[in-house]
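Next come two complexes, and both contain subunit A; in the first it sits with subunit B, in the second with subunit C.
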Partner chain A sequence: MIMRRYMLGRVGQLVLTLLIYMTLVYFLMQAMPGDISQMYLANPRIPQAAREELKKQLGLDRSPFLQYISYIKNFFTGNLGVSFSQYPKPVWDILIERLPRTIVLFVTANCLSFYVGFVLGRIIAWQRGATVDHIATVVGITFWTAFYPLLSLILIWLFAYTLHWLPLNQFIEPALWTRAPFTSNTVFGYMVLGIALIALAVFFIFWTLRRGLRRTRRSAALAWGMTAGVICLAIWIAHATGTLIYIWDIIRHMMLPVCTLTLINFAGTMLLMRDSMLETVQEDYVMAARAKGLPDNVVRDRYAARNALLPTVTSLVLSLASSMSGGLVTETMFSWPGLGQVLFRAALGNDYPLATGALVFTGVFLLVAHFVADLLYAALDPRISYTGQPAEG
Partner chain B sequence: MNELATSPNARQSNGEGPRFDPGITEPIWKIRWKMNMRSLAQNWEVFKESRVGMFGLMIIIAFGIFGLLWPIMINFVWDPLVYHPVVGFDPIMMHPSPPVAGHLLGTDPIGRDILAQLMFSTGREFLLGVLSAVISVVVGTFIGAMAAYYGGFTDTLFMRLADIVMLFPFVPLLVVIGSMMRLDIFSFAVILGFLEAFGGITVILKAQALQVKVRPYIDAARVAGGSDLHIIRAHIIPNVLPLSFLYMMFNVTAAIVSEATLSFFGVLNIDMSWGMMIHTAETAGYLFDFGKYWWLWAPSGFFITLFCAAFYMVGRGLDEVVNPRLRKR
Partner chain C sequence: MDALLKVEDFTMHYSTKAGWVQAVDGISFALNRGQSLGLVGESGCGKTSIAMSIMRLLPYNAQTKRGKIYLGGRDIYSMTAEEFRQARWKEISMIFQAAMNALNPVYTVGSQIVEAIVEHEPDTTEEEARRRVAELFDLVGIPAERSDHYPHEYSGGMKQRAVIAMALACNPSLIIADEPTTALDVIVQDKILREMEEIRRRINMSMIYISHDISVIAEVSDIVGVMYAGKLMEIGEADDVFKRPRHPYTYGLMHAYPSILGDKRDLATIPGEPPNLMAPPEGCRFNPRCDRATDECRAVEPLMTKVAPEHSIACHNPVWAPSSGGEQVGVAR
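Our next item is the complex of A and B:
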């Protein structure tokens, strides 16, 4: 009962917040100087009448209030307008085309950096005050605060330009794709689908064998063997359908941005995990587990780390969401044609419908993610009540 | 402020007559001052334990000395015509020149001294970081305390406002603002400070203030007749302040990084900063050959990273002061 009422209240606030946000975005865009009819102002062959006609066709001659009303109405009917800079293309199509690329890049990078941070944080919390702790903290903070555009340039220069290990920029190799029978987005879609299926299969394997895994080596070997089998099968299917070289091309292009993002972001999770774990290692059950004589790493991984995971999981959800928009720098530096790059170009190029669309789109994403993070937190930690207040007493 | 820490009649009888003297002759502000100093000294002891924090503090002090050298150098040592960070030019050599005797870190493509630019920018980065952090923390603490204390409508208003501010992608928003008005370093710091203040920091400080608000001494203060403003000012804010101070350190880092990133993309209207130095090198095309023209990007990039990391490390050290659970037993 309380849960449902809380949910309804939150959803109501969500919609209201979204409306206010959209209004703010709209007026911010209005406040930007110049509009599309001012482009090519130095060209004398475009007469004033043509400019007026253009304004009229795009609906820019109406009063701002009327424009605002139609903008809100159109948004809720799923119409985000037509981009100015890529003229006949609807904003919605551009965003949908860009979305999977952004999601794949940042989900991969976030998961990787989360895992690295989790493992490192676990180790340095267990050995607090040791040299490993100090070194990992200082190195982590240095990367965490490193000047990001420059670091990415250095890595591009080192791995792509000097060593030629990885391809330079973009997300596909144009020469390879001109003769390709598919568009890059189709392959991308298959990739996402394939990874999701593999993840599901692996999860299922480990879930069915979860009892045996704790006790015997044989079932562990079986589980890993089956995982390898699933991955081989996926590769074979990709090969059979002829998409393998294209998928490999995309993966090769992804490596550098993913590594850079991991290098930058792992420290956040690491430090959070360290702090959170320093609290759990002082709990009684950890001492009890030690007193039983369990090996050190079992106490660390199964007892202390599990309960320290909670704040880091919520931070993972939030960082996934914020990278939707925060990926602007990454996408610009690596010429990765995703949402952030679209937003940056649109904001610089006075393309209001596209900029507004991208801003609102990421806004919806972030709002939903905050909502999910709240629910997840409440679901994972029964001590937190749905009213948002700390429990009484 | 000459109020005495005794009963009121002690003040009236000065000079002749038997004087009520409980043995405390110091004015109350002096006692408060001493107590504050004592707690500061205790916190310092805790902070000193954290090696990472001390490391960061030392780097910040080094930066401070480096920044203070600038007025001395430009006024007494260097010729302003050659070493001016924005309009200086050295006519004797080819530019960009690698490090030589006159220019210890070389010159940039338009013939300005790199070391002079670094030194000049240090003070301004301090100004930017500290100003925006102070604004964000002062405003954020006040709003957080108000939201926690009054609850209800005030709370909902500011929390939803924080949601909205956090929704905005930071860099595009600043790009848009930058295209509307000329952003110099001062207005940029103010805008950044207010954005931070209404965003995440309010939420965190409100959560902290909420824990303070339910303590018995707040009720006691209200029963004793303290006004809302007095309770917020004298009881809630001092208890939230350590956490605010911690977030101030993190906000300095955030401000410097945003300035550098936006300068790098050429959105800001700042004549010289560390980000701007890299921007100059990049637009002139010297970043394509990293190894050869290292002096154009390495010093400023290194400084940005080091400066931000130093503040972050001090923040980590303060974290152990603020969160007793993180301390060593």
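Our next item is the complex of A and C:
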């Protein structure tokens, strides 16, 4: 009950933040020099009456404030307007096509780089001062400070151009898809859904067996066996429906950008994790765990790393935000047809509705990510209570 | 009878940038099954270092120079890490100095105890371990249903009790209690000490109490060891040591403590401060602060010598105090 009240309050906050953000975005767009009217309406071959008519049709004859009010009103009824540059395609149709690609790419890259950073940070903090510590730190910092577009070019040159392991760029291989009985978005949707279901199933398997996992090798074998089974089943379903080669094509195209983003970003989490864990290894409960005679890896994972994880979750959300905003560079380097490119073109082309829509949805996504992170904090740290009752003692 | 724990001439130094810190120097004592030993001394005199040496939990810059520690007849420093890991908590457990922080904040208190039981007794099922936790909580006076709560939901005294319950979990033959009650207020402190002592006697366990508070030690120990600057100054049966302290340091320590029951008097203090353990004084380490120091004390290090069947001191010039506790000879203030 209290939890529901918290959630409602939090959603209310989200909506309020979104409104403020939309207002800012809207008026920033208005403040941009030049507007669509000059491009469209200043055309001398269009007669004055037609121009006025067009202006009225686009709603540009009203004051900016009235335009803003109707924009907000339309937004909450699901109408984002019509793109000026791809007239008369609704903004929503463009976003719904592009947004998932961007989100999937960046969420995958961020989760992977967080995981790599977490695991490496855990190892180097546990073996601080050892060779592995120095190597990982130097390599991590090198990538972290590398000029990102240059690094992507090098990786494209190496893996796509020279070794031919991975495709150069784009989202799909056009030649493969010409005869495809599906659209790329349908397949992409099924792929995302499928991966989400697999992740859920694997989580469920490990969660049910969590007690046994710590004690016996047999349950570990069982858990990994079931995981392999779930993945095999998913592959079989994909094969049976004929989508497998297409899914594989999309995954192959994702690999290079995801790996590049991971290489660039993992050092941030790694060093944060290392610092955080160097503090937790000093804690009394870590010494107590060792005194209890728990095996070394249990002390490391369940005591030192588990507590060091808490502050690094913040970095997951922050890096998601920064990589989304840096998404344009990635999407340009890899010609990934995502939201970043849409935003870029829309901004250049004075396509307000589209640019505003793209920015607002980036914002919506980040707000949701923050909300999820808040819930994640509470799940990871029992001391954080969102129920409104202060912890005692 | 073979001693449960035997420490022989144990010497451990810390390596620091400035040099070697001689934290533990030539400590010897033995503890039988069911006996309790109290180690008392000022902060930084090496009490905790001894405890950590016995638990093999020394930091990486610690180096054992001499001596051996035998637990149940086995030299713990010649055991492999894995062998000793298995001996921990089952044979020797510990109540930590900062019990408040000895519990992992992200797991329930009960599960942390279950974890230890299951680790050392692989045949125990989770349910049996949970039942044992309920019994232990009952023993230390925490309602059993609290085992599903997180450490931050406990009060200070409850955390202390939970840590004691955790130390008892695998029925160890020896528990080291390092300042077990220092963080608590005096009333809770006294209550917990009494309860611990009662449990200890009931299950015939050995215990090492470590404290800077001589009243805590007096309350619970069979044997008392007084440490100063990394060395054992006096060790003996508690009654004997408290009634007839022979070492000037012990004597000073006892008179630096106010008595509620005794006559009103000024507190005697020991002048000066403990020496720098990187360069301890020549001869007896206590000599710069000792009002009985002679040239011999400043030159020759005193050896442990027996002054009674179960009472040894390391002093050239001991205090003789009559058993009545009346007039003192030698210490004039």
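Just so it is clear, the second predicted complex is superposed on the first by the 319 of 393 C-alpha atoms of A that agree within 3 Å, B and C clash if a C-alpha of one lies under 4 Å from a C-alpha of the other, contacts with A are read in each partner's own complex, and residues count from 1 in each chain.
The rule we apply is simple: a contact is a pair of C-beta atoms (placed from the backbone, for glycine too) under 8 Å apart; a residue touches a chain by one contact, two chains touch by 3 or more.
Remember, predicted model here, so these are calculated numbers, not experimental data.
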Request  = Using the superposition on chain A described above, determine whether A:306 touches subunit B (first), subunit C (second), both, or neither.
outcome  = second
Request  = Have a look at where A:328 lands relative to subunit B and subunit C in the superposition and call it first, second, both or neither.
outcome  = first
Task = In the overlay, answer first, second, both or neither for which of subunit B and subunit C A:284 touches.
result = second
Ask   = Which partner does A:142 contact after superposing on A: first (subunit B), second (subunit C), both, neither?
value = first
Key: If touched residues of subunit A are counted for subunit B and for subunit C, the larger one   = B
Message = Going by the contact rule set out at the top, does A:293 touch subunit B (first), subunit C (second), both, or neither?
response = second
Ask   = Touching A:153 in the superposition: subunit B (first), subunit C (second), both, neither?
value = first
Query = Given the touch rule stated above, what does A:17 touch, subunit B (first), subunit C (second), both, or neither?
reply = first
Ask   = After superposition on the shared chain, which partner residues are touched by A:78: those of subunit B (first), subunit C (second), both, or neither?
value = neither
Note = Within the complex, subunit A is touched by subunit C residues 55, 57, 85-90, 93-94, 96-98, 101-107, 115-116, 118-120, 122, 126, 150, 152-156, 158-159, 163, 166
Remark   = In their shared complex, subunit C is touched by residues of subunit A numbered 211, 215, 283-285, 287-295, 298, 302-303, 306-307, 310, 380-383, 391-393
Request  = In the complex, go through subunit A and note every residue touching subunit B.
outcome  = 13, 16-17, 20-21, 24, 28-29, 31-33, 128-129, 134, 137-138, 141-142, 144-151, 153-154, 157, 162, 271, 275, 278-279, 282, 325-326, 328-329, 332, 340, 343-344, 347-348, 355, 359, 362-363, 366-367, 370, 389-390
Message = For a test of understanding, state which residues of subunit B touch subunit A in their complex under the given definition.
response = 51-52, 55, 156, 160, 163-164, 166-173, 175-176, 179-180, 210-211, 214, 253, 257, 260-261, 264-265, 275, 278, 287, 290-291, 297, 301, 304-306, 308-309, 312-313, 316, 319, 323, 325-326, 328-329
